[in-house]
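Both complexes below contain chain A, partnered by chain B and then by chain C.
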Partner chain A sequence: MSLHYVAVGWNRQKKIYDSILAGSLTLYLALFALLGSLVHPNATIETLLIRGFGTAAFLLLHVILCIGPLARLDRRFLPLLYNRRHLGVTMFLLALTHGVFSIVQFHAQGDENPLASIFLANRRYASLADFPFQPLGFFALLILFLMASTSHDFWLRNLTAPVWKRLHMMVYAAYGLLVAHVTLGALQSERSPVLAVLLGIGMACVLSLHLAAAAKERRVDERQPATGGDGFVEVCAVEKIPLNRAVTVSLGGERVAVFRYDGKVSALSNVCQHQNGPLGEGRIVDGCVTCPWHGYQYLPDCGAAPPPFTEKVPTFRTRVVDGKVYVHPKPFPAGTRCEPARIDGNVQEVAV
Partner chain B sequence: MSGRDAEFYVGYLPKAPGRLGASLRRIVLGLNLLAAAVALTLIFAQAPFADSRFEFLQYRDYEGVLVRDPYPSLLVKRPGAMDGVPSFARYLLVAEGKRGFVPGAELEARLVRLRGSLIHREDQRMVEVLPQSLTPAGGEPLPKLEWTGLGEAALYGEIVDTKCYLGVMNPGEGKVHRECAARCISGGVPPGLRVRDTEGNSFVVLLAGADGRPLNREVLDFVAEPVRIDGKLSRLGDTLILRAEPSTFYRLAGSRP
Partner chain C sequence: MTAAVHIFVWAFTAYLAAGFVFAVLFVIFGAQRIDSQAPGSTLGFRAIVIPGATALWPLLLARWTRGVGDPPGERNAHRNSSLREV
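And then the complex of A and B:
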């Protein structure tokens, strides 16, 4: 949330996060290579490293893909989301190591350019069982490279959020390519069904968590409140909104976060300008709506980040009548000040 | 809404709230256990690795007769040869990387010396020749050793590049190795058909054209998948060769032998 970009911004939490990540990965790779060479004394170290880095990257990709929906379903996973970018870049570096080792091992020192050889060495493109699996890994690596190299907030701003978001949705294409890379590669050579079962469990986790999170959001979207004569829509009773938090409603197809704080009610777009985090799952901290994902902040009455920051989200008119909260579904341009509705009388606080 | 929901994590604040910190530690521990479990499962589920060797960066001296029948090989006399055991051992010769070895024609059938790294699997051997180490050891050309015909044969197996299969890579066969096998054979490494005998032992039968010519690019489309090859089988010492035209190779879809 800064106007100046530093190459990588580290703070205390990120340092802890990154050292745990580095430790876990070292453990995984060491276990794979050292125990691997004890269990299989005939295996060459190149093979163990190629497999170790490939599987570490693929496992980390599963974790990355699962964190998003997990954080939606259970707030305790939110801290993992905060620094997901470092997970992504780390995963790319592991995959790159695997890819480069593989290219050197399987294609270098021959009679063809090693990169061209990825595509030309196996020409059985018309077969399923013998389909060349390495080009699939290559294209996945290309996508991961694009994502890792544009992961910085500098690119997020310069590409604009929608373009950036679309680019980063390509992680699902990369995941699909990699499932095929493994299914048409290692699974065709290995005899043990354990590997196929493991891949199946991984895919089932990714898919089911995404479906569960989507179902949760659909419940919000389906709750279409009735519209009054003046265009205002009844959202809920005031006490349904916990103090300093929000209730998310879908109004005219757009999700709106309705916050209660300081005896007032304000409504903002639910979509954080940073990476589309759900502001309605955030909270008022120091008088500002604070995004649950990376902590970007907005003033509740005008949807603008406090100076010197410049992010802005659309705002909505609110009204409180007879202990009920109403919101007008027509958004004001991002950053427009909108008088918060005052709550008269005491609110029965719901224990949180 | 449960109690833990009241705690809110803001990443750039120095410390996560107490209860959140505790559940976070549990999540991190869980993820580490998951990673360790995956690593262990993968280690033990990997298919066993063949007992093949490449003495990388270790060099030995060899002396023997250089032949190209059709693949460059060194025939090395066995000390104290007995009846029924071939009196020489064949070392296929390859260059560094994914390349065949190309000796000068003038050394054909002559006694030579060379230096290189041993590659072997069971009793099938190969040497990766150190560049410029091949020298004549004197003497006249020796009489050519002829292959003994064993008749027509239909063999089932997988075409491998002999260099990787005999030890440079492990695994040096199967789908994951297909690209590399094609690259090696294309670069001049002798192609072989990996077959299994009735006891399940694997070994390599060299492949040549019906006219005895060396094969390389012609077989690329058939490597690393199950094939049947009908041809003329011959033996020389402990080496078998199958002579057949690649245009008659038969691809066996489905099960891998």
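And then the complex of A and C:
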């Protein structure tokens, strides 16, 4: 959380994260060049660099695509999500290096404009075996550029999180284009099945993790709470909400996070204003609901970030009757204070 | 096909060139006009916004010329519902 923009909001965790990333990529590229020169002694250094940066970018894209569903399935992966935007920008820079080297190597020597040459050098668009795969990589790189260049919080705030997220969902289009780029390109000239098997494993991982995460999310949203005559809906027994944590319930087309803390219950819209992270999967830290993705904080009774910050989320009326928690599905405007429901008596704590 | 590709490449290059010129002006003069968090921001922030402003310059130009003082409010089911009368 910040009142003014900075280029990169460095902190200790981000520095560790980025150091591991830089070290891993350096090691990967060095090993790729070493092994590549041993397996393909006739390959030029330019070719090894093009392949090395291309495979590193594609591998990192798989990691990036797997982090989201992994974090949905198991909270232990949440730290990887924290700095995923740095992974995305790094992946774009690797892909850009691959693209620039390829254009210089294959399209900059003739009379044709190098960009036009990408589309015109091979015109066998009707052939599957000889399909011009480079335009696919070009369009994928354009999408990755759009995503990397809008990754800063300035864009998140100015496009608003829902629009920003839809823009960044284009990563799946880029992934599809890159799978076709690799399948119609590198795989066509490859005699060993290793690359094809690795690509198959990568696609299977991405697909299966997304399906598993989607199934888990669907189960949460399918739970239909019972509605009482006064409009309040029953959410759960008080003891089902762990202390300083939340239970989520789908109400009014979106999830509501119902928190228990200090003998009280408050309900907020589950959608963090920063990057639409799931507030209900966060905890109450220092008296504030804390988003598990990037640590944005909100006061539980009013859904507003503590001053001087300005983020706000809608709030809901709550009530506790006979040990059961009820929430009214009509939200109040973001930042509106709602009197928390008091819990009478002791609550048997559940292990988290 | 050759003509279509050349038109595409020309339009693409022209769009990015115009966008880059706009982006430089925007980060110097425009960012603080459309976003209250931009005044007082670092030089690094302004440099890092240039590629995105180059890509999305029509959007920023429209907002800048309309004199919008702050980003639009977020819309989702709860926020929309909270603003409707019962």
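A few comments on the model shown:
Please note the rule applied: the second predicted complex is superposed on the first by the 351 of 352 C-alpha atoms of A that agree within 3 Å, B and C clash if a C-alpha of one lies under 4 Å from a C-alpha of the other, contacts with A are read in each partner's own complex, and residues count from 1 in each chain.
Operating definition for what follows: a contact is a pair of C-beta atoms (placed from the backbone, for glycine too) under 8 Å apart; a residue touches a chain by one contact, two chains touch by 3 or more.
Given the structure is predicted, the values throughout are model-derived calculations rather than measurements.
When the shared chain is aligned, chain C comes close enough to touch A:145, but chain B does not. Of the two partner chains placed around the shared chain by superposition, chain C is the only one that A:160 touches, whereas chain B remains out of contact. Between chain B and chain C, it is B that contacts the larger number of residues in chain A. By the document's definition of touching, of the two partners only chain C reaches A:253; chain B does not. When the shared chain is aligned, chain B and chain C each come close enough to touch A:123. On chain A, the patch touched by chain B and the patch touched by chain C overlap at residues 123. By the touch criterion stated above, chain B contacts chain A in their complex at residues 1, 3-6, 8-16, 20, 23-24, 27-28, 31-32, 35-36, 38-52, 54, 96-99, 169-171, 174-180, 182-184, 186-188, 220-221, 224-225, 253-254. Residues of chain A that touch chain C in their complex: 2-8, 113, 115-116, 119-120, 123, 145-146, 148-150, 152, 154-155, 157-162, 252-254, 256, 269, 271, 273, 276, 313-314, 330-334, 336. Here chain A touches chain B in the complex through residues 11-14, 20, 24, 27-28, 31-32, 35-36, 39-40, 42-44, 46-47, 51, 55, 59, 63, 75-80, 82-83, 105-112, 117-118, 121-124, 129-130, 132-134, 184-186, 188-192, 194-195, 198, 242, 282-283, 285, 290, 292, 294-295, 350, 352, going by the rule given at the top. Those residues of chain C whose C-beta lies close enough to touch chain A in the complex are 1-2, 5-6, 8-9, 12-13, 31, 34-35, 37-42, 44-45, 47-49, 51-52, 54-56, 63, 71-79, 81-83, 86.
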